[in-house]
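These are the structures in question, set out in turn.
What follows is a pair of complexes built around chain A, which joins chain B in one and chain C in the other.
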Partner chain A sequence: MTPLSSQAKPLDAGWDIEQKQVLKALGRRQGIDQGFSWLALSAVIFSLFVLVVLLADVLIDGIPVLSWNFLTSFPSRKAETAGIVSALVGTIWVMVLVALVTFPIGVGAGIFLEEFVPDSWLARAIEINISNLAGVPSIIYGLLGLQVFVRILFPITQGRTVLAGALTLALLVLPIVIIATRESLRAIPGSLRQAGFALGATRWQVIRSHIFPLALPGILTGVILALSRAIGETAPLITIGALTYIPFLPELSLRGLQSPFTVLPIQIFNWVSRPQADFHALAAGAIIVLMVILLLMNATAIYLRNRFQK
Partner chain B sequence: MTTNSLPPEPNNLWQPKRGLNKRVEQAIIWLFGLFALISVATTFGIVLSLLFETVEFFKDVPLWNFFTDRQWTPLFSNPQFGILVLLSATFLTSLIALLVAVPLGLLSAIYLSEYASPRLRKWLKPALEILAGVPTVVYGYFALLLVTPFLQIFIPQLGGFNALSAGIVMGIAITPLIASLSEDAIYAVPSALRDGSYALGLTKRETIFGVVLPAALSGIVASVILAVSRAVGETMIVALAAGQNPRLGLNPFVPVMTMTAYIVQVSLGDTPAGSIAFKSIFAVGMTLFLLTLVFNIISFWFVRKFRETYE
Partner chain C sequence: MTSQSVSPVATEAALRAKNVSVYYGSTLAVRDVNLDIFKNEITAFIGPSGCGKSTLLRCFNRTNDLIRGARVEGKAMFHGTDLYAKDVDPVYVRRRIGMVFQKPNPFTKSIYENIAFAARINGYKGDMDELVENSLRRAALWDEVKDKLRQSGLSLSGGQQQRLCIARTIAIEPEVILMDEPCSALDPISTLQIEELMKELESRYTIVIVTHNMQQASRISDRTAFFNAEATESGNKVGYLVEYGDTEKIFNDPSEQATQDYVSGRFG
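Entry: the complex of A and B
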């Protein structure tokens, strides 16, 4: 195809043929283009279709077992009477503890790295370390928890307890909180800090009274995302030896921290791995409960992000 | 903080409490610095707790046998620990997952970044994020109770537990990771490059393949390597759907046991600390940790080395 060279010649039949060839080739190229755009679209549609099928399957199987009894009964060998109360309460216990541990530590670490030692070797080293930690499989955190929280810190945690599980998950999601904190602090204009310093406030006073309140919505979004990651984690808790059959609730006191526990994902895992279809339906019911909690948390995060986004 | 304009007696001069502020500031720096070091301590904690039991393990099982034995029989009276058995299963499920996730994720990323209108994009991205936020145990349920029976219609010899459906579902689970990271990389390619390509008469697809994707290559490859690392460490899907049979080979239709599934299996049983089975999960964990570490380092290195910067 050399339309340019032929253009120098006067219009003749040869030009006409070449133009036809070019147009034909162009038509083919555009056809391939069209096909490719449909292919790309179908990839997106397929992913969404899978999401819909997954939700529909779980809803069809799980809705029949959902009832007040299901939410308030203990697990049982008989599928008709089994429920998720100990898993639900365990999940709430663990989530509250993870939030209590990760919020101050993650936010403190984020503030330290972003406000007190920005652009230092320490901040860079910790940053590399954090992005490495984010790539470590969660089951490895379970092995860490088993060794450190269950065995070495046995006098504090009393073994495979709520406290050991929560601390393990807290370490797992800490990087998410730290990164979210740093990003929302970075988004605050430097002029605000300069104004505070100009009035004679110390760095901490400026952060406490001006920077932190402005960064809070972004930080809270990060904390909620971290919790929604923690709530679905199963592998690390299985590894530290959380039990599946818990026919009691942790005491509502400090001693409750040292109580054996189970959580929704472990209960789901246990029911799915049984051969009877009745237990599979129970698993689907528990999945619905878990997904509703997750959806509520994500909705809160999106609401916070939109409400305070400037 | 007011200042007196009249000349005051020196003793009555108001002094701000700088001392207290300084002490608070120091305390905060130390406390928050300590918090920041927890993430470093976590890394050391992981390495040390794995290393300690792994060393104990290799006192009982020679390193050479660990890498060359072709059996994984930890509960036999004469136990054999051939990590190749678990590695082959992990390789197999990860490979299937990538065969699903790379085309799906990349095409989705291209569609989102190059074809979708801004309004559509605003809806599609959160939908993909929901897919990424589904707990893996739910994907495990899906693999075992929906995909396996479905595939058995077409492949009658498929076992109730198998690497194929676990791998496919794992691929769907990591698709959003590839899609979202690649989309960031593709979206970051300056539009001047695209315009230049259009000016030369290339079509949209030719521009994407000839100009945009090569320019975003480092980000795309990094996202794929991170996905590999995720697939290798993925636990619940394979523990539920791939089975518990340590078996060397790459047959996707039979039950296999990945490294993560082995750790789960031992953790579910009541294995006393100090036994060889207990130590073995740390040795397997160490292998897994080093493997994912290598993938993460390659990914970082690739981004650094091949990143195209446009000023």
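Entry: the complex of A and C
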């Protein structure tokens, strides 16, 4: 140990800088700062501009065709009498089923993987694979659904039906729900788990009473965002062979699950690919309806999150 | 390592560590600890950071099980039963040996529910209101919270939260209470309240407290264990028990030089 010297240590020669130079360099640094914020602002403006143009285009084309008749009529060869009722009802049927299937399975799998499985190479392998599944193109799920739900499980689904479509879409969004569940659970501090265990609670008691209620808003948000993805999917449903012309509604019973169906994105796709401009306007109208449903779902997610977070 | 200073009036040992070593993965954290913790006494674990005193504490109610990769060798015993025997359920161990943590961790529920949850999961059949009141009284918190039992446990101050955690722990009548630096996040007045509370609880419970505060150890404990850490060739720090005996002796006339240096504030 060297004794502390009474004199102040002389400055390192590298710090011998003139004040004028310091200020000049500072000016340049502030300039770069400003430049970056403009760059970021222009990125925001660009993306908003694209969105606004898109929305304006759809609204200008679509608003004139929106009417009660449009919502309650079946599709038709004549543009002036065509409507979206079978696609709208089909979408609601499919989404309710997807929600009923994904919530228990996805949340259950998420809880198991996050809270119960000990750390092992198998657990890590499963985790990586689930993340990968979330990025698989949706048409692959369509092919899977076609083979498994339409062909192999024909006795149950009766082929290209509401049930087969919903199960295919459920498969598609399951990874998203599992990941959202795990992330919500991971955000709950470990000290709460310790508190429960230290009182002689079992794993299930700790999760049921303290962890799950706190994670629920995040889980619900994840589920609804996953459903928002499913509602716009077209490719997998076309792959499994959903029809485009359905002149009837599925029965409101278990048998209804086994009836052929169509959904809004397929109806839109069908109308857009026709040559007549009248049908293009109908497609724009259907897009508006789909968007309203989507916004309602997202609003529900926000409402639930705020409500449970109290 | 010495134990000849332990007072001759041998009360019953509630907890016993026999050659306990704890590993995290392949890293040895604390090695070869032998000590007895006696019934209805307050035992303090002191020592510099990283000496394994919290790790050893967690062995006694198997909270190390919750840390991935943690492994315990040797025997940690509770009234002669090996806590790590195959047929011992860790949930039951924790029900008998409670724990209070460094940072107050009340559940995000009402004050009442914080205590009722502990009792309910353990099958309490009696009058819940009475149990909640008694537990809060014994934790010296009743007068401060009796009019707001339905408010969230998180609305209390840090010291009150810690006393709520103690109330919740004693509500289920454990035999032993392990305390892992229970006052390190609290102000001096709350610390004093918790210390007074511990003195009162001593007659009914066996208490083990890990503390960095040597005055606290000398004020409240009957016996003190001093741990130290040494670096291995690979650069890891391994904790070990240096000396264990009556608090009086450890602080005034320790047998080991390291203990003398630590309690007089020369290192650590």
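To be clear about the criterion, the second predicted complex is superposed on the first by the 256 of 310 C-alpha atoms of A that agree within 3 Å, B and C clash if a C-alpha of one lies under 4 Å from a C-alpha of the other, contacts with A are read in each partner's own complex, and residues count from 1 in each chain.
One rule holds for everything that comes next: a residue touches a chain if its C-beta (ideal position, glycine included) is under 8 Å from a C-beta of that chain, and two chains touch if they have at least 3 such contacts.
This one's a predicted model, so the numbers in the text were calculated from it and none came from an experiment.
In the superposed model, A:29 makes contact with chain B only, not with chain C. Within the superposed three-chain model, A:268 lies in touch with chain B and out of touch with chain C [touch as defined at top]. Applying the stated contact rule after C-alpha superposition, one finds that A:92 touches neither chain B nor chain C.
In the superposed pair of complexes, A:79 makes contact with neither chain B nor chain C.
When the two structures are aligned on the shared chain, A:249 is found in touch with neither chain B nor chain C.
In the superposition on chain A, contact of A:66 is made with neither chain B nor chain C.
By the document's definition of touching, neither partner reaches A:153: not chain B, not chain C. Using the contact criterion defined above for the overlaid structures, shared-chain residue A:193 touches chain C, although it does not reach chain B.
By the touch criterion stated above, A:216 is placed in contact with neither chain B nor chain C. In the superposed model, more residues of chain A are touched by B than by the other of chain B and chain C. The residues of chain A shared by its contacts with chain B and with chain C are 199-200, 202, 205. Every residue of chain A that touches chain B in the complex is listed here, in rising order: 29-30, 32-33, 36-37, 39-44, 46-48, 50-51, 53-54, 57-58, 61, 104-106, 108-109, 111-113, 116-117, 122, 125-126, 129-133, 135-144, 146-148, 151, 171, 174-175, 178, 199-200, 202-205, 228-229, 231-235, 238-241, 265, 268-269, 272-273, 280, 283-284, 287, 290-291, 294, 298, 302. By the touch rule above, chain A contacts chain C in their complex via residues 118-119, 189, 191-202, 205, 209-210, 214.
Interface residues of chain B, counted against chain A in their complex, comprise 1, 16, 21-22, 24-25, 28-29, 31-33, 35-40, 42-43, 45-46, 49-50, 52-53, 103-104, 107-108, 110-112, 114-116, 124, 126-128, 130-131, 133-138, 140-142, 144-146, 172, 175-176, 179, 203-206, 208, 226, 229-230, 232-236, 239-240, 260, 263-264, 267-268, 273, 281-282, 285, 288-289, 292-293, 295-296, 300.
The part of chain C that touches chain A in the complex is made up of residues 61, 63, 66, 68-69, 91-92, 94-96, 98-101, 103, 105-109, 117-118, 121-122, 165, 168-169, 172.
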